[in-house]
Amino acid sequence: MIEVNNITKKFGRKQVLKGVTFTAEKGEITCLIGINGVGKTTILNAIMALTPIKKGEILIDGEKLKPKTFNHITFIPDAITVLPQMTITESMQFMKDYYTTWNEERAQELLSFFKLNPEDKIASLSKGNTAKANLLLGLALDVDYILMDEPFSGIDMFSREQIANVFTSHLIEDRGVIITTHEIGDIEHLIDKVVLLDDGVVKKHFYTEEVREAEGKSVIDVMREEYQG
Amino acid sequence: MKINFNRREPVYVQVVRHFKQQIAMNMLEPGQEIPSRRELAGELKINPNTVQRAYKEMEEQGLIYTERNLPSKITRNEQVLQVVREELIMDAVDQFVTTVQSVQVPLDEIVTIIKEKYEQTNADKGEEDHD
Amino acid sequence: MERYWKLMFTSCLFVFGIGFFYLHDTFAEKELPEYTWEKQKGNEEVLEDVLVQAYIQDGSYIGETIQIAGEKRKYLSQLSFLERLTGAMDNLKIKQLQQKYRGFMRGKEESTYNFYEDKRMLAYANVSSEWDGSQFKQSNFALEVETVSKRDDETTSFFIKLPNQDQYDYMDVGEVTVLGDKLYVLTQNDMLVDDESQSEMRLYTIDLTNEKLISEQRLFSDKEENVKGDREVTLLHDTDELQASSYIAVMTRNLDEDDQTKQLRLFDIEKQEEWSVDLPKKMLEQEVVAHMGDETFYFIYEQKGKLSVTPYQIAEQQLDDPIEIPISDAIDVNTMKYTKIIHDKLYLLYDMNSYMGREGNAPQIKGNPPLMYVIDLKAKALRYEGELTPKNKAAKNALFMIESMYENEQ
Amino acid sequence: MKSYFRLTEFELGRFFKFYLVLIGLTIVSQIIGVIAVSKEYMQEANEAIYQDGLSKQAFMDQRGLISLLDWTNSIWFLAPIALCVVTLLIYMFFIWYRDWLGKNTFIYRLLMLPTQRIHLFFAKATTIFIMVLGLVALQVFLIYIAGIVLEWMVPNEFMQTMGVSEVSVASQYVNTILPATFTEFVLYYGTGFMFVCIFFTAILIERSYRWKGLLFAIGYVAVATAVFMSLIFLSMEWGLFSLYPLEWLILQIIIGIIVTASSIFLSYYLLTKKITV
């Protein structure tokens, strides 16, 4: 379980996070929703200790993040983070060199699943393929938690579909996933849990099925209520 | 398998209903293996946990059964299957009646229209089969 | 391993390159110029007391400094960084004092002129000043005095603000002497008088018990009222001598075209008297070596094949009979020489490749080894005669330039 | 430890092409230089002897013998060194900033490696440092080779032969990069390493606090330099106390180690707690 406890963050004078609290369980897909600039990426960065938080704490399976934790949690940012001049093979080798949890078999599987050519340079890949390669590098790790920042934004429909397929596949099974999006549409039925962010706080925190069952509302209905009401 | 999900209704409920329809329509035969939770999730592009929930619900209702580690199968229990069929018909009729009543059409007229429509649809189906 | 080839490549480049550079001398037969004393007469033991420092130029751009003491040689290029840092070739007298009085010597000027030593104490005096940016000259002159008693290691130190300081532009300590409980500091003071620079010696008398300045006296100046034009004033003392006598001796020479008279003048600190030593003019033209500890002057004069050393006792105010020694015919009165009195022996080293008074590009004659004569001043006899000859090819090809001669303290 | 070596190799690899270009340029320029310098000298000699009718000896007396020093003072020798120095100085900053400002923000990947982040610091510092030392070592070989080339080019009577270490003693420029004794070498480059650490820390301060950090960073460099220089100021310039040379050296080394260690410690803290992508 990833526990985010009351974290605050300022950028200059702007208070981006004003005490955000939520949890993300293993085996569930938690979705951080909010309009752009609400601090979704900042939360993911904070979980990965890529940006300092002013207050609050973040625990991963009850512990603070340590260097070794990176073998058990991976973050797939919205843009690929390997050097453009590397080929896919080289970037896979790079990951393999440092991560004990790198699963080469799964990497090869993903390679064929996404139909990527391993000899291609990262810089020469299309947007969709870059996103897939990015996903590949994260998913080929045998980690407990996967964080994804806007995995669907700015890519073509077919790639979106392929990526969406990942969420229902064994690649995600039993892992804890946190994804961020500013547009729920496509993935409404893929997620377990929604964390609605607005103005630096968590507005609402719910399981999608529970809301549908108890209130007969879609996620968008809830969002509309929360943001407009 | 393709379902157009309603966003406001729990997905698992819709999945269960879908299975019931399939059973009632004999698309799924008694004793037939159903897809694994992951397969179905992938096919329907929904969360595997939701499928899990749906399967659990179906199991409780006796629609499917699981033996040891084998894949789940559609029940062979005729009684249950009968209930499903009836439930489905009743659901459809309920819905129909509610709609029709609001238009305030006499029952006789409705029955006639239903008859004609039913026969014509069957005839159309027959023609299609010939092609 | 091949996965780390770039790291390997760069590290190997570094290790081999730097290794080659710093171990090169060990592998390469680099020949140091070697010299040896060739005895002609006497006993070479006396050479162990003297340290000859010379600069060797072998035609390349790199010179080498060498120190020769008896059989021992020290080459500047062969010193380690730490030896250089700690001044392995520096003034030995000061080094010795630093070892003995580490705390006392800390931060002190490394010049023997500032020190006085006897059985009772070690005394130090220095002039401190501050740069006055508004007037573009040194100001705030003060005398810094520090003594350490040898009996109980007790140190006293005090500052004395100097009187008449507006007159001076610069001050430098020439000599420090202690007589009884009084400390005498002789300074060379530079000043501007009517826009003309002038230099004079001043003697400051300090009461050590009360830590007070008793008097300030003007002693010798390069401008005297009865002298036409300027005169040159040279303090006669030995650099290695820490125990000065109660006399201050200077050689003066008038710089007027018509009047170039030389005078040997003395000031008796105890009697507070200044007078001119009465000597024949031709004696004054000779080189004077002052042995102030012994209160004796030695007049040195070379003639063809003969050297005469004439002692003059200050107390008796009279010339003794000259000591006469046969020397090489190659030496004449103009041959460049270095003198030093160590343990009552006069060391005379003649640089056979250069001459005094010759200016410009005199052709450098290589390969004439320096000649050394050691004369026992008490026994009035020659103790050693010999030359410093090049021993190997490197030395033969090099030019050997004597820099100075010190007492060897090691 | 393993990841430190991997990262170092990786960092080296990212600049290695440029590094080889620098090495190549230095070799080419300096070898051309020794040929150019000796040709020029021989031309002068020929003119003097055949046209102006000077004797060989007279020419040699007038012009002096040619030696490697003529070469080390030429632009051919100095320009590539200056280029390497400037390039590596710039790269000292670039080695960090490229990870943030590059096309794919690689710093995400680097900071998420399952290893102590200070290894990044060490890997980058080692990279800069080992490249500098590699170039210095290259210079040793080049001086040696230039000596051989000079011998080919110029008749030996016109030549003053010099070994590699003699060149370093005689040439001020060479002496700055290759001091006479190994102790000095260690001290020079130890100081160099300390300044690399100081600048790296300054970069990390800027990267952690951005605009505000820029001021802190400049302040940090100033303070670290002041602390390192404090002995020189306190004892030599202001004369507050005096030290014997050996004491000074030991204290200076201790201060250097303290400054370096605190720099590394501060960087460790910044990388684990304050760094931001």
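As written, the chain order gives the labels A, B, C and D, with residue 1 at the start of each chain.
Here is the rule we use: contacts are C-beta pairs under 8 Å (C-beta built on N, C-alpha and C of every residue); 3 or more make two chains touch, one makes a residue touch a chain.
Chains and their UniProt names: A = ABC-2 type transport system ATP-binding protein; B = DNA-binding transcriptional regulator YhcF, GntR family; D = ABC-2 family transporter protein.
Everything quoted here is computed from the prediction, not taken from an experiment.
For chain D, the chain with the farthest CA centroid is B. Put simply, the chain closest to the centre of the protein, by Cα centroids, is D. For the pair chain B and chain D, the distance between mean C-alpha positions equals 79 Å. Taking each chain's centre as the mean of its C-alpha atoms, chain A lies 44 Å from chain D. Per-chain Cα centroids separate chain C from chain D by 41 Å.
In this assembly, the C-alpha centroid of chain B lies 117 Å from the C-alpha centroid of chain C.
Across the assembly, chain D contributes no residue that touches 2 or more other chains.
If the chains shown are joined wherever they touch, the resulting network is a simple chain of contacts running from one end to the other without closing. Contacting chain pairs in the structure are A-B, A-D, C-D. Chain A meets chain B in the complex at residues 27-29, 164-165, 167-170, 173, 188-192, 208-209, 212-213, 216-221.
Only residues 45, 48-52, 67-71, 74-75, 77, 79-84, 94, 97-100, 122-123 of chain A touch chain D when the two sit together in their complex. Against chain D, the residues of chain C that register as touching in their complex are 3-4, 6-7, 10-11, 13-18, 20-22, 24-25, 28, 30, 59-62, 77, 80-82, 85-87, 98, 102, 106-107. Listed in rising order, the residues of chain D touching chain A in the complex are 3, 6, 10, 14, 102-109, 111-117, 208, 272-277. For chain D in complex with chain C, the residues that touch the partner chain are 5, 8-9, 12-13, 16, 19, 65, 67, 69, 130-131, 133-134, 136-141, 144, 160, 162-166, 168-170, 178, 180-185, 187, 239, 241-246, 249.
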